[in-house]
Each structure stands twice: as structure tokens, then as C-alpha cells.
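The first chain written gets the first letter, and so on, giving A, B, C and D; residue counts start at 1 in each chain.
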Amino acid sequence: MGDLTNQQFFLLISVVKVVVVFAVLMTVLAYLQWVERKVIAHIQVRPGPYRVGPHGLLQPLADVIKLVTKEDLIPPHVSKPFYILAPFLAITFALLSISVIPFGPAITVDGRETYMQLANLNIGVLFILAVSSMGVYGIALAGWSSNNKYSLLGGLRSSAQMISYELPLSLAIAAPLLISNTLDLRKLVDSQEGSILHWNVLHMPFPQIFSFIIFLIAAFAETNRVPFDLPEAENELVAGFHTEYSSMKFASFFMAEYANMITVSCMATLLFLGGWVAPWPAEYGSSFVPVVIFAAAGLIALYHASQAKLKMDKLTFPAFGVIFLIIAAVFLLPIVQSWLLPLFWFCAKVGAILFTFIWIRGTLPRFRYDQLMGFTWKFLFPVAMLNLLVTGFLVALRP
Amino acid sequence: MDVILFFVFAIIAVVCAINVVVQTHPISSAISLVGVMGSLAVLYLLLGAEFLAAAQVIVYAGAVMVLFVFVIMLLNAGTEKKEGKSFAVQLLGVPLLVALLGIVAFFVQRLFPTTTVHFGGFTGGGVHEIGMALFGPYLLPFEVTSILILIAIVGAVVLARKEMD
Amino acid sequence: MLAEVPISWFLTLSAILFALGVAGFLFRRSIITVFMSIELMLNAVNLSFVTFSYHHGGATHQGIEGHLFAFFVMVVAAAEAAVGLAIILTIFKNRQTLNIDDIESMKN
Amino acid sequence: MALWLIPILPFAGFVINGLFGRRFSKAVVNIVAIGSVVLAFAWVLKTLLGLGSLETAATEHYFTWIQSGNLNIGCDFAVDRLTAIMLLIVTGIGSLIHIYAMGYMAHEGGYYRFFAYMNLFMFFMLVLVLAANYLLLFVGWEGVGLCSYLLIGFYFDKQFATNAGNKAFIVNRIGDFGFSLAMFLIFVNFGSLDFGKVFHQAPAADTGLLTTIGFLLLVGACGKSAQLPLYVWLPDAMAGPTPVSALIHAATMVTAGVYMTARSWPIYIHAPTAMEAIAIMGVVTAFFSASIGLVQNDIKKVFAYSTVSQLGYMFLGVGCGAFSAGIWHVMTHAFFKALLFLGSGSVIHALSGEQDLRNMGGLRTKIPITFWTMMCASVAIAGVPPFSGFFSKDAILLAAYNHAPWMYWLGVLTAGMTAFYVFRAIFLAFFGEYRGHAHPHESPPVMWIPLAILGALSLGGGFINIPKFLEGFFQGVPEVPENSSLMFVSIAAGLIGISIAAWFYLLKPAMADSLASSLKLIYTTLYNKYFVDEIYDATVVKPIVGGSRWVLWKGADAGLIDGSVNGLGAASQGAGGILRKLQSGNIRSYATWVLLGSVLAIVVLFIASTNYWGGLQ
């Protein structure tokens, strides 16, 4: 590979990155659904998907096959161009933001430095804000073009909700940006280098706990998740804006929702939780955390294998136990540690936030609509403003 | 590269703008307008206006136009009716438009014969530069804008509050 | 094939968009579309401002005034949209019409 | 030294009482009003002690008030020795009168309003004396005029009070007109209105110019200080409450003219003609109004004419070049005349509103404190040594003697008349039999304590040697040679006046009436104040009213102006009828016109800039 020019290398590595990210993202999207069903099932003390594959692990695959092969029904009386355009817009804008999110530090491939990121933008934060603000069109158009009053109401609610929650969201983002003094997502992470005490969420003397919580709440609303899933409140609006959609178009909205969840989780991680930075420095042993975790997981799997009652489990548990142990071993290899460790921490943080999303969905009831709007305008917005003001003052006083 | 980029997005912009004018349903016009704004944002990037490009998408496409779409949906505005007429428009509209476009295009060609644009030719449009200017020499207009927005909010609330009677 | 885009093309594009905005204002009867035509004109003007900024700034850090102007236009346009749409809502509530030719209480 | 605090304190009192006084109890109003003035007095004392000997003026610049072309007016306050005296008089006597008014006004309506106006007056008066340029002085000048108007018309439900207020205001306008012209002249010729800059340039200026300025300033002073021929408002101003008469129309505001003239001494010293005019005006006014005072029956009218007369004395002093003597008289006059007014207020208060001397008598035993304090004032004003009036009046007369003997003799005659009418009033009010029907009662301590303090000041105030104090201030003014023999002449004049009064009104009460009937023509003329009001009415007021009504209103306004306006209206109505066709109410049509306009504008813009056009080719 040594004979490639810089431009050829750039093209090649970009293609590789796009392929990898796309494949991983799609898998994650599919399996996030499985995780959600499983977690909620366990919160509600039931097993969840169990039939397709071991512990329902192949359920997402089955879902995909089902959705793709279903008849793509276009109801009469819909506004056809917009009806088709809407899911396309939704999924496009949802996936677009992933392109600027960095997953890890710069790594060296073949003697050349490259980023674990599809495109490095020095206004990355603004880009994500811009793209996410466009996401509302998909939902609004879907609601309107369906020519169905439930859909329309869902679309209207969604537009109003997303416009309203964008304000506290932006204000909450502004506070950590003030501290880090950059809009570049990589530099944002670099400014939080060190330990957990340097993450923006705990950054002394202005810990951004409030803006982190505000960001999470607003993100729930932006992604139309429980407890803010008014646009698709099934007991009021059938299925909200996507009532009339089926097959892949329906799947697009679904994927858009989960992609948005991943985006905001990544944003929260980058802005507040220090991105791929370990909670404490490597010299105090943070690099052994993944090894311990994966090894423990492997051992637990093996233990369960010895106790397994089902026939299938006797095969799968040992297999997974071994896989986990291998992963644990991989983390010990110094060659890959440099990029695998940051990736691990990043994924761990994103995963934790995604788990919070699911956890809250399993716990909280839905808001009433007027409460939803009152909450953002009368509480969230002023608090975010105040937080920004205080942070601004403290930053200005910073020597 | 730059020329291709310009042409692609200029053509998208013009086609979308024509669509804004000729579409009979407001929502089609609105979505077309979003297209215009999006392609203008790309042209801003070409001109080195990073911040404005982002602001264009966030403010215009993401907020103002959403508001439009929202109102169109709220009012359930249908296709417009061809009633009412204005003799002035019928008589003078097209000639004046052609004259305006012709004159402006002519003078533009005459006045700016040499300067050319290439990507990266202007680097003063980043967030930092805009911020330094806004909170430096242009602080007063900026602060006045905040008052303007406050007035707009109050005005909008008052107007929209009025009950139908 | 040109390597770079002449600045006059940008300005001409701006003029075309502006003229289209004017056309929308003149020939359309729906208040909302007319309002959108105004936004189109504002956008066209913003493009001019940014282009002029490039023209005057070049590679230096001068010529940011055009950007600021465009920025203020955006802010004012946002405020204007909020008030304007509120007015449209009120008009619709009171008159049940969105046709601009039906609204002529200021006649004579 | 925070000079601004001095006027601001009363102003704060005005704002608080004026805005919220209606809801306050009287006690709170008292605390605010009197507290603010007393605090101002205390601050004046502190400031003056802090400023030391004040050889040069202490100036403070706060902000630029007006900046237009080369006109640059700052909000500047300055304290020099002259200002220091005025500050002490204004705040000191003001405090006493405020305290007195607390008792006097206790039963009147509009209590808070009264004190709000009084505080506003104090504010403007202090601005007037503190001002370091003519315009700021003019602000105070107009402000005190306004307060004077408001307070004269305090009993606004009485016709004569509002009329008197209007009269004071309108007559003062004539004076202000002169003052304004003087300011314009000063600014045009000296390029500044700051005292320092103007007076620095004055010696080098043209005498004719200085004389003109001096005359115009004199017109202003004449209006404010009630001198002939603009004195007519002051006697009528007695329609206001008595503390107002004491504070504004005796002790402070009316002396503003004297203060301003003394302040402008560098101008006057180079304008001998103007000085002469001041002296003549002063002495004539002094004599003229003293003669009116001889026969008045209203106790306040007597003192009002007395005030005019004493102001004449001050101008006589100033006009003769004895600026410091004039200021000295301003101070002593403030003591004894304020006391006379407050005392007569006490009498009026005791008699429940009775003001006519013919209905008084024998009050000596009934209200002894008032009697004795008024006696103090009377001996002071009559020029009995060694009381205050004697010294200042003697200094003025001495200067007059050196200036022009006829002025001196007229002054001495006036001094005799002064002694006569003051003691006439005293004898009529306090001696003999009580002729009224009310039940006199002594005033409360809150009223007589200020009287007592003023009494002490009247008696001993002459030992405050103002000329000595101001010696350095009026540098370059010629010294007046001592002449102790003249002193005995004025003492004699005073004693003769007192004796005649005693003879007429104590020993042979019938003599006065018989003398009045035997000299009927003179008596009626004097009693009717030389018919000045009637003459003014016939020569000035009537023609103005008639001219306004027939020429300006019916002719110019109704005919010419209304006619042309109506014609224009009709014309525009006609034109509008045609043009309104354009206003179709159709926005799209309007947009077309706008577009047409823009296209034309662009075309014109490019065609007009031919150079540019040529450069393009």
C-alpha cells in the first residue's frame, strides 16, 4: 500500500470508513430494537423475543425480512410526492449527522494519520444542529401528506414539539461549548482530556450537570421518545404521523428514530462525557477495564453454559463465552489498544445513554400535550438560559 | 470542481425558486423554498461563509420554514383560487420584471468583470471571526436585535392570543 | 472550462432569485405564498451580501460586514416570520380567507 | 465636595412629596420636606467649612448639558464668597420658614402640595445661586418664577390668588425677555456663558456693548426683584400663604435680581451708564413704594411695599458701586423682612385670617412673643443702631452720598418713611384698644421659635461684616471713604420717623385721619398706589387684549391663517379625490408600483453617475 498518493489514500480510506460505519450503524440500528424489546421485557418481568434464534437474537433479521417483503401500500387520496418524500427525508437527515461524529482519536494507518470519523468539520456542532433541525420536515410532511386527521395532528404536534425543544437543546449545547471554546467535535473532546473531572459534565468550577440533564430531556423530545412521544401517541392518534405508512417506508421512520437516538447519544457523549476519554488515566489502570469486563462476561457465560437447561443454550453460551474471552484478550494487544480503547469508552458511554433512553421508556408515562409545551417554555427554557448565563459569567471570570 | 458545484446548486436553487412561484399549493412552495435555502447554504460554503451556511440551515430552513409549514398545516390552506385581479400587475408586471432582471444583470456583468470565486478563497467567515465582529464593533446592533426579537415574540403572542369571534 | 466561478454569476443568480421572488409577490394570491416570496427575496439579497463580502475581503480577514449584514437579515427575517405568521393566523381567524385580493379594507 | 447634593436634597423632597405626598400623613410630609431642607442647610455648612476661606471659587463640573456648534454649556456649580452668603441665607432662612410653615399651614388644605412646591422652590433657588454660568442661573431663575407662580396661586379656588399668580408670571416674562437678550448678546460677543470666561473678557470689551448688556440684565433684575416699573406683581403676590411671602417674596427670590447684578459686577463696573440707571431706579423705587406703604391698611401690603422699597435700597447700593453693601442689605433684609412677614403671619394666624390693621390693636399683651420679635425686626428695619438694618442701610447711604448727594437725601427721606410706616403698623396692631372680633391666641412654639431665632439675627446680624468678607471678591471696585457724620443723619431720620408714627398713632390717634382728609389728593393717590395698576391696565393691557382680539384673532388668525389652511385643505381634498383611485387596497398593485419605482431608481442611479458610466466603457 506504500505506493499510494495522498489523494488515493484519502479516497480509499474514506470508502473503507463509509462502508464500515454504514454496516455497523445498520446492525446497531437493528439490534438496538432487539435490545430495547429485551430491556423493556425484563423491566416488565417477561422474557421478550425468544423464538427466533438464541434468546431472540435473530429477531431483527426476521423483522427486516418481513418489512422488506411486505406490500408497499400507497393509500388513495394521499399527496403522493410528499408521501414518498417524507420517509426519505426522515432517514436521510437522521443518518446525515452520523457523518461528522468522531468515534475515536486520530489513528495511524500505513504511516498516515486519519481520523475515526467520516468527515472532519470545524463547525461540526452547528452541522449536527442544522441537520437535526431539518429532521422535522420528514415527520411534518408525513403527517400532512397522509391526508388523515390523526396523521396531521401527529405531524403538527411533532413540528411544534421539535421547534420548541430545539431552543433548550441549543442553549444546553452552548454552555459546554463556552467552556471548550470550539465547535469542532474533535477539539471538544481534546479539551476534556484527562480524567472524569475534566469532562464538561463535572468541569470545575462550572459543572454542566444542569445542561446535561436539560440536553437529555430535550433530546428525548427531539427524538419523539417516551415520555414525549406525543406525535405517535397510539391511544390518541392511532400511530400518529406514520399511521398510513407500511413496509420499508414505515421502517424508514423507525430507523430514523433510532438513528436520531444514536446521534443525540453521541452528541451527549462528546459534549458532556468526554467522548472517548477514559474516566481515569491509563497509568491508573483504566486500560484494563474492558479486559476485566469482557473476561467477566465470558466467564459468566461459561458458568451459565454449565447450568443450561435448554438444548440451544448448551451450544450458544459456551460460544459466546469464548468470544468474550477472545475479545478480552484482544484488548490486551498493545497494537490495537491505541484505537480500540477509545472506541470502547465511546461505545460504552453511548451505550449507557441509549440504555437510559430505553430505561425511561420502560418507566415513565406520557406527558399531556399542554404540559409538554408548558414544561419546555416555562421551565426548561428559563433554566437553560440561566445555566448559560451563569456559565458565561464564570467563563468570563476565568483567568 | 467549484464551477460544477456552483452550477449544480445554482440550478437547483433556480428550479426550486421557479417551483416556489408556479406551484399552486402553499406546501409545495414551502418545500421548494427549503430547497432554495439549502442550495444557497452550499453556495455560502463555497463563498467561505461557514457560519452563515449553518445559520441559513438552522434559522431559515430549520425554524422559519418549519413555522411556515406548520401554519400551512394548521390553517389547512388549500390550492389558491384565481379570483380578484389587479390591472397594474397584469399590465406592468412582466415588463417590469424583465426590465429589472435585465438591468441588474447587465450592470452586474459590467461592474464585476474580473473577480472570481474559488473554495477557500475567503476564510473570514468562521464562527470566531463573526463572533469577534458581533461582540466587538457591532455589539450595539446585535443587542438591538435582541430587543427586536423580544418585541417580535411579544407581538406574535399577543396577535395569536386573540380569540376568534 | 473555467476553473473558478466569476463573481458576477453569483450576483446574477441573486438577481434571478430576487426577480423570481418579486414575481411570486406579484402573481400569487395566497398570503402565505406571497410571504414566502418575500423570504425568497431576502435570501437572494443575502446571497449578494455574502458575495460582496467575498469580493471585498478576498483571502484577507477583511470584508466581514457582508456576513454580518446577512446575519442581521436572517435574524430580522425570523422575527418578521413570527409576527407575520401570527398576523396571517389572525386574518384567517377573522376572515376565513387567505386570498390576498380579498383583503382590501384599506381601499380608498 | 458634592455641591450637587445641596440642591438635590430639596428636589428629592419635592419628588417624594409631590408623587406620594397625597398618601402620606402630615408627619411624614413634614419629615420629608423639612428634613430635606435642614439636611441641605447642614450640607451647606459642612461644605463651606470644608472649603475653607474660599479665596477663589470652587467649581465642580458634572456633565455637558448642551453641546451645539460652539455653544458649550456645562452643568457646573461653583461656590465663592458671594455664593456662600446666598447659600447660607437661602438654606438657613428656608429651614426656619419651613419649620414655621409646619405650624402655619397645619389647618390648610393641600398640605403636601404646599411643601412640595416649597421644596421645588428651594431646589431652583439653590441652582440659581450655585450656577457657574448664565444659562444654568437662568434655569434657576425661571424655576423660582414658576414656583412663585404656583405658590401665589396656592389657593387656586380664589380668583384673586390665581390672578395674582398670573400677574406675577406675566410681568416676570418681560424681565426674562431682557435677561434672554442679555444672554444672547453675551454669548455672541464672548463665545461663552461661563461666568469665569465672560468676566475675564469683560474688561477688554466695548463699553457700549457692556452698557447694552447691563441694561438688558437690569430689565431682568427689575422684573425678578420688583423694581419700578415692573414692581406691580409683588404686592399682589401677597395672595399666597404668608410663609411664601416671607421666603420667596421677601428673603430669597426677589433678591435674585440683586444677586445677579452683583454677580455681573465685572460687566457693570465697565458700564457706568448702566450703573447710574440701576442707582436711579433703585432710589426712585425705594422712595416711591415707601410712600405707598405709608397709607396701606393691609398688614401684608405694608410689608410688601416695604420689601419693594428695601429692594430699591439694595439696587441703590449696587448702582453706587457698593456691591458688598447691597449684598449686606440682602442678608439683613432677609432676616428682618422674613421676620416681619412671619410675625404678621403669626398675627394673622392669631386673628384667624384677619389682615386689616384697622381691625387689630392692643395685641401686645395677647400675643407677647410675636410682639417682641416683631419689635426686633422693626427696630432693625428702621435703622436704629446697633441693630442689623442700621449697618447695611448706612453703608448703602454712605455709598450714595459719595456717588450723588441727591440720591443720599432721597434715601434718607425714604429711611424716615420706612421707620414711620413700620412703626405705624406696629402701633396699629399691637397698641391701643383691640378693635376686632376674633379671639387672639399665641402661636404654637413651632412658629415662635423660628421667630425668636430670626429676631436674634435681626438684632445682631449687623455685626456680620459682609463688606469685609467680600472685600477680596469685589476687587477693583473703588473704596467708599468713611464719613461718620452721615451716620447721625440716618439715625435721626429713623428716630424722626418712629416719633411721628408714635405721635400719630399712639398719642393722638385722630391726627392721622384729619391729616389724611386735609391732604385728600395725596392720600388718595398714595392709597391707590399712584393708580399704577389702572394706568398699566389702560395703556398696556387693554390695547394688547383689544389688538389680540380684533387684529390677531379675528383678522389674522380667522381670516388669513384659517382661510389659507382651509383653502389648502380643500385643495388637498380635491387632489386626494383623484389620487385615491390609486389606493386600490390591492397589495399586488402596490407591489407593482414599488417595483416600477425601484426600476426607475436603478436606471436613474446609473445614468446620473456619468463618471462611473464613463469609467465602465
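Rule of thumb we're sticking to: contacts are C-beta pairs under 8 Å (C-beta built on N, C-alpha and C of every residue); 3 or more make two chains touch, one makes a residue touch a chain.
Nothing here was measured: the structure is a model prediction, and the numbers come from that model.
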- Message: Of the pairs A-B and B-C, which shows more C-beta pairs in contact?
- Response: B-C
- Taking each chain's C-alpha mean as its centre, the one farthest from chain A: D
- Separation of the C-alpha centres, chain A versus chain C, in whole Å, is 36
- Chain-centre distance (mean CA atoms) for chain A and chain D, in whole Å, is 83
- Rounded Å distance between chain A and chain B, as computed from the means of their C-alpha atoms: 32
- Query: What is the distance, in whole Å, between the centres of chain B and chain C, each centre taken as the mean of its C-alpha atoms?
  - Reply: 5
- Task: Mind pulling the residue numbers of chain B that touch at least two other chains?
- Result: 51, 55, 63, 67, 74, 84, 86, 89, 93, 97, 100, 104, 111
- Item | Multi-partner residues of chain C (each touching 2 or more other chains) | 22, 26-27, 29, 100-101
- In chain A, residues with contacts to at least two other chains: none
- According to the definition of touch, which chains form touching pairs? A-B, B-C, B-D, C-D
- Task: Enumerate the contact residues on chain B facing chain D in the complex.
- Result: 84, 86-89, 92-93, 96-97, 99-100, 103-104, 107, 110-111
- Message: Taking the touch rule as given, give the residues of chain C at its contact with chain B in the complex, in rising order.
- Response: 1-13, 15-24, 26-30, 32-33, 35-37, 39-40, 43, 46-47, 50-51, 53-55, 57-64, 67-68, 70-72, 74-83, 85-90, 92-94, 98-102
- Hey, which residues of chain D end up touching chain B in the complex? 584, 586, 588-589, 591-593, 595-596, 598-599, 602-603, 606, 616
- chain A partner, complex, touching residues on chain B are 27, 31, 34, 50-51, 54-55, 57-58, 61-63, 66-67, 69-70, 73-74, 126-127
- Within the complex, chain C is touched by chain D residues 580, 583-588, 591-592, 595
